[in-house]
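Each structure below appears as structure tokens.
Look for subunit A in each of the two complexes below; its partner is subunit B in the first and subunit C in the second.
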Partner chain A sequence: MKKNNLGTGAGFVLILVWCLLPVAWIISLSFKSPEETAAGSPQFLPKDATLQNYRDILDNPDFLDALRNSFGIALIATFLSVVFATLAAYAIARLEFRGKRAVLSLALAIAMFPVVALVGPLFDMWRTFGLFNTWPGLIIPYMSFTLPLAIWTLAAFFREIPWELEQAAQVDGATSWQAFRKVIVPLAAPGVFTAAILTFFFAWNEFVLAISLTSTTGSRTVPAQLSYFVGPDPFNPPYGQLATASVVVTVPIIIIVLIFQRKIVAGLTSGAVKG
Partner chain B sequence: MSTSVAPAAAQEPRRPGKLGKAPATARSVSENRLGLRLVAPAVILMLLVTAWPMIQALYLSMFRYRLTAPDDKEFVGIGNYTTILGDSLFWQDTFNTVLIMVITVAVELVIGFAFAMVMHRIIFARGLMRTSILIPYGIITVVSAFAWQFTFSINNGWVNSWFEWLPWIGPDTNWFGDHWPAMFAIMVSEIWKTTPFMSLLLLAGLSQVSEDMLEAAKVDGATWWQRLFKVILPNMRAAIMVAVLFRALDAFRIFDNIFVMTRGAQDTESSSFLTYRQVIEQLQLGLGSALSVLLFLSVLLLAWLIVKLFRVDLAQARGEG
Partner chain C sequence: MAAIDMKNIVKKYGDGFPAVNDVSIDVQDGEFMILVGPSGCGKSTLLRMIVGLEDITSGDMVIGDRKVNDLAPKDRNLAMVFQNYALYPHLTVYENIAFPLRLAKTDDKTVDEKVRAASKTLELDEHLDRKPANLSGGQRQRVAMGRAIVRDADAFLFDEPLSNLDAKLRGQMRSEIARLQKKLGITTVYVTHDQTEAMTLGDRVAVLKRGILQQLATPRELYDNPGNLFVAGFIGSPPMNFLPAKVEGTSVELPFGKVEISAEKAERAAGRGLLIAGIRPESFEDASVVDASRKGSTFRAKIDVVEWLGNTAYAYIPFEAPPEVLEQLQQLERDLDGETLRTQLVVSLDGSSRVAEGDDAEIWVDTSKMHLFDPATGENLTIDTANAGRVPALEQGHDPAQEMAAESRVADEQTAAAEGS
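So, the complex of A and B:
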């Protein structure tokens, strides 16, 4: 028994190191001065910690544009995707209709779809429709690719909701709106919220479409902008600034994870193991 | 909207008989119609961005069509496909992709399972553990690629100085100067980023293994390894297969890490990267579309192989059977 606890404790430390070391590394890099990284600085911690990189990056209009695009596109895609997924998941969890299995299979197929295979045709189509290098040009495909995950997560949650409670409330004299508002919404909200978080992560992370369907900072998102962030000397990338930008865009993720960790884990595993 | 429907639906039997058709009552007809209406927007959106462009790609793939010379569009039949399949670069990239997929998924399965075991057992600091495991999952892949690129960097990385005691690593080891070290670095980034996802899926499967059965095996004198291989793993089969299926298909699409870390230098290009390069950089829409179709077919084949090979019943695994 004692040996087991030791093993678990060691495993715990190992997991923390594994997960957090690279994050600690970019944070440390972000505090190294440009002179230090230009000269080559293989030690882990900065010699003289400086905020220079943060000042530079928050003054960089391209980066700020990318941040604005990322937030805008990810939030709009998340909102719309979750609305459509909620309708579909409600039908799947609660109603009997023909083609229910076909919808689930379609969602599964799209979750596995190689996104890059769409780059060519979408690039061509979007140029024709004037959607190339616009927010909707990214929002539309992001919605399509997050719908499967959102539908599964929500359908799994909705199956667990005791819907009889709604009738019980009506029997007790609540109007149907009250029953829906006071009983069903609070029960369904956590699921909807979880689906929204997972969807947001996807849209915030997406890279292939972001570099293929945009061409200027008018709609380029953070991952795409970061990959173009070369600086004046192509043979010496601005390590510090790249690391700083990385830290800045990771902060929202860390905040979301800190607040909603339980929900995210539940959402990630709900669809996958049992319905 | 749901308010008016919910009571009506709740009075309906959930499944009107496993076999045979339900009688077409007015209510079941209207339920059917409502169901279709509710899923329609999602289904249309999903098809709009996948099925339609895919048909477009099928059509374009039969032309020699370069955006820089749109007037030279010319029907070539399966010419693009024969060009691709006869090109060694295509096979090199396919080999790289399959290699990355097999190695990363295998390593992630082992590490992810170890993580799941620790998370399953641990009784303290569960919140801290969950938070740290979710950070790699949530972090942008491009950021992960940069973090690992800097880790392996010859000027600014710590790998060379920390692991100098290994015979094949010195202060001048250039990880991105050769094929295998570069592939190694790419795989490390991929594994770091996606192991948490794997471990969470496995943890969910692990928590469904009955404690009683484990206790019984222990009483019967089964060793730790026997319990692992005879009780725990067989009972987690569904969870393992779902995790492998999802991760394998995801790894097959690898793009971000390669784009950031090597841009395909040192022959580290993947199938996705090749497709991207043909379409976006070379503007070869015909050839690129043919590559897209081939990529789509390989993913289908791969999914089919995994499902057949491991007999994954997704419906059952998802509790929809």
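So, the complex of A and C:
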């Protein structure tokens, strides 16, 4: 058994290094001055750590605008996507209707299109509709791309919830809507949060649409804005600044995951019915 | 509180198969009514139609003086305990019980009073802050009951509430439910497939088979005067013995010999050819322990197996049955969710009986309680209609022979389909 533990430990370290080394490198970079990053062979840890990069980035109005756009767009897209997905998944899990299979497969088909293939048509359409370079111009495609996954995840969760719970609620005097809101939604919470996290990640990290469907900092999100960090010297990209921006946009993600992680508790329905 | 009146209720599913067919049951105010039958007899469907979770194809459902056919469950003011309890896992026991009150927008003080009262009745006081997941089966069951009694519902509906509990707990909860119902005096409809629950709990029992009401009577009436072969086989444990019988004058020829019956019974069964005699196990006794003064017949038979239980002993005596009776008995066994391995007589002997396996014993039988059934229709020919409650098949406008034929056709199709798959 001891040998086994050793192997597990070694594998664990290997995976951790593999995953976290780039992150550590970016954090380390963000504390280095431009002189150090421009040096031919920079070492791993900064020689003299400086907070100058953070000061600069937080003084940069373009970055702050992009950050605001990112938050707004990602949160709204997540909220709408989760609300629609919850209602759709509930219908799919509970009702028998014609074309149920078609709806599910179609939803999956949407997710199969590569984003790049849609950039051209979307660009033309959005300019015609006046959605180019606006928040809704990004929120709508983000929602469409994340809905299928959210619907599938939530439908699976709803199927797990015994129908009797809803019927019990109705007998107890609840309307269908009350039964849904007071019994089903709380029980599907882990699914709702899973869907919310996945949607938020997608919207927060998305780059291709963000750079193609925006033209000013009025609606450009952080990943797209980062590509405009050129710095004064075309031969010397501002690595420190880029790394700092990356760290700054990663922090909210980590916080959100930590908050939601506590909500994603498996087996919440245990005890509802005799197992 | 209210009476529940079901009039000619029919439930047909999409494929046109009637899960409940023309059932009329009048549940009196405060009565404990049992719906009983083997699986697939439509008893749960009927209950769900009362509460409104299932649409009614035709017929009238009247609760109190309101026709509720088209009312949503929430507007019927009934409380229901589900088979798997259906507790809300995200709420504490307290909030589970309070749930119906919260929906009714009751003020907090009243909610607290009522929940505390319910939890006291059900001895849940120490569990009020726990979640259902941390409770035992019996405790969950009590929470489900608490949720029902906390409201001033017009009636309680139970859907096999004890089937998930182990045998000992089931016995305790059974008496608990009976006590609670008597105390609250509330109209109750209780669905079960267990004939013991049906016999012990019910003021009256409705026996259903394949969506058709077979008999509606008190437990005693059902036991003493079953309306047909199915009810006779379903009520009682161990079940009633069915033997091929030929009536000649006032004597009945059974596989073990001739016994005498009363002239009145003999007259009703005269000229019918081969019949099925139904005799309950406790109508038999070891002849050596019977008081000589008790009236009855005796016969000798070889005992195959004896099960001695202390207060009583069950002896098994195999016999041969002619094919037409055998077929009917096998069909009956299928209707009862069982399977006949062999035709045998089960006799209940006194615990002091010394009869052993392999003995050629002398058995005494009390024929006054014997019933005679028509093998073709299953109809009880010797029924005492004055003490048999309601037997819809015997009422006017019904032709039992035709119904039986239709039923067995359905059964044959089902069997064929089952075998085909």
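Convention: the second predicted complex is superposed on the first by the 242 of 275 C-alpha atoms of A that agree within 3 Å, B and C clash if a C-alpha of one lies under 4 Å from a C-alpha of the other, contacts with A are read in each partner's own complex, and residues count from 1 in each chain.
Here is the rule we go by: a contact is a pair of C-beta atoms (placed from the backbone, for glycine too) under 8 Å apart; a residue touches a chain by one contact, two chains touch by 3 or more.
Just so you know, these numbers come straight off a predicted model, no measurement behind them.
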Max touched-residue count on subunit A (subunit B vs subunit C) belongs to chain B
Does the superposition put A:Val103 against subunit B (first), subunit C (second), both, or neither? first
Is A:Pro186 touching the first partner subunit B, the second partner subunit C, both, or neither of them? second
Just to be sure I read the superposition right, which of the two partners does A:Gln167 touch: subunit B = first, subunit C = second, or both, or neither? both
Per the definitions at the top, what is the overlap between the subunit A residues touching subunit B and those touching subunit C? 164, 167, 170, 268-269, 271-274
The subunit A residues in contact with subunit B across the complex are 4, 8, 11-12, 14-16, 18-20, 22-23, 25-26, 29, 37, 40-44, 84-85, 87-88, 90-92, 94-101, 103-104, 106-108, 110-125, 140-141, 143-145, 147-148, 151-152, 156, 163-164, 166-167, 170, 176-177, 179-180, 184, 201, 204-205, 207-208, 211-212, 222-223, 226-227, 239, 242-243, 246, 249-250, 253-254, 256-258, 261-262, 264-265, 268-269, 271-275
Would you mind writing out the residues of subunit C in touch with subunit A in their complex? 51-53, 72-74, 78-80, 82-90, 99-100, 103-104, 131-135, 137, 140, 147, 151, 164
Mind pulling up the subunit B residues that touch subunit A in the complex? 2-7, 9-10, 12, 14-16, 22, 28, 31-36, 38-39, 41-43, 45-50, 53-54, 56-57, 60, 114-115, 117-119, 121-122, 125, 127-144, 146-148, 150-151, 153, 155-158, 160-161, 171, 192, 195-197, 200-201, 203-205, 208, 238-239, 242-243, 246, 249, 252-253, 255-256, 259-260, 272, 275-276, 278-280, 285, 288-289, 291-293, 295-296, 299, 303, 314-315, 317-320
Under the touch definition given earlier, write down the residues of subunit A that touch subunit C in their complex. 162, 164-165, 167-175, 178, 182-183, 186-187, 268-274
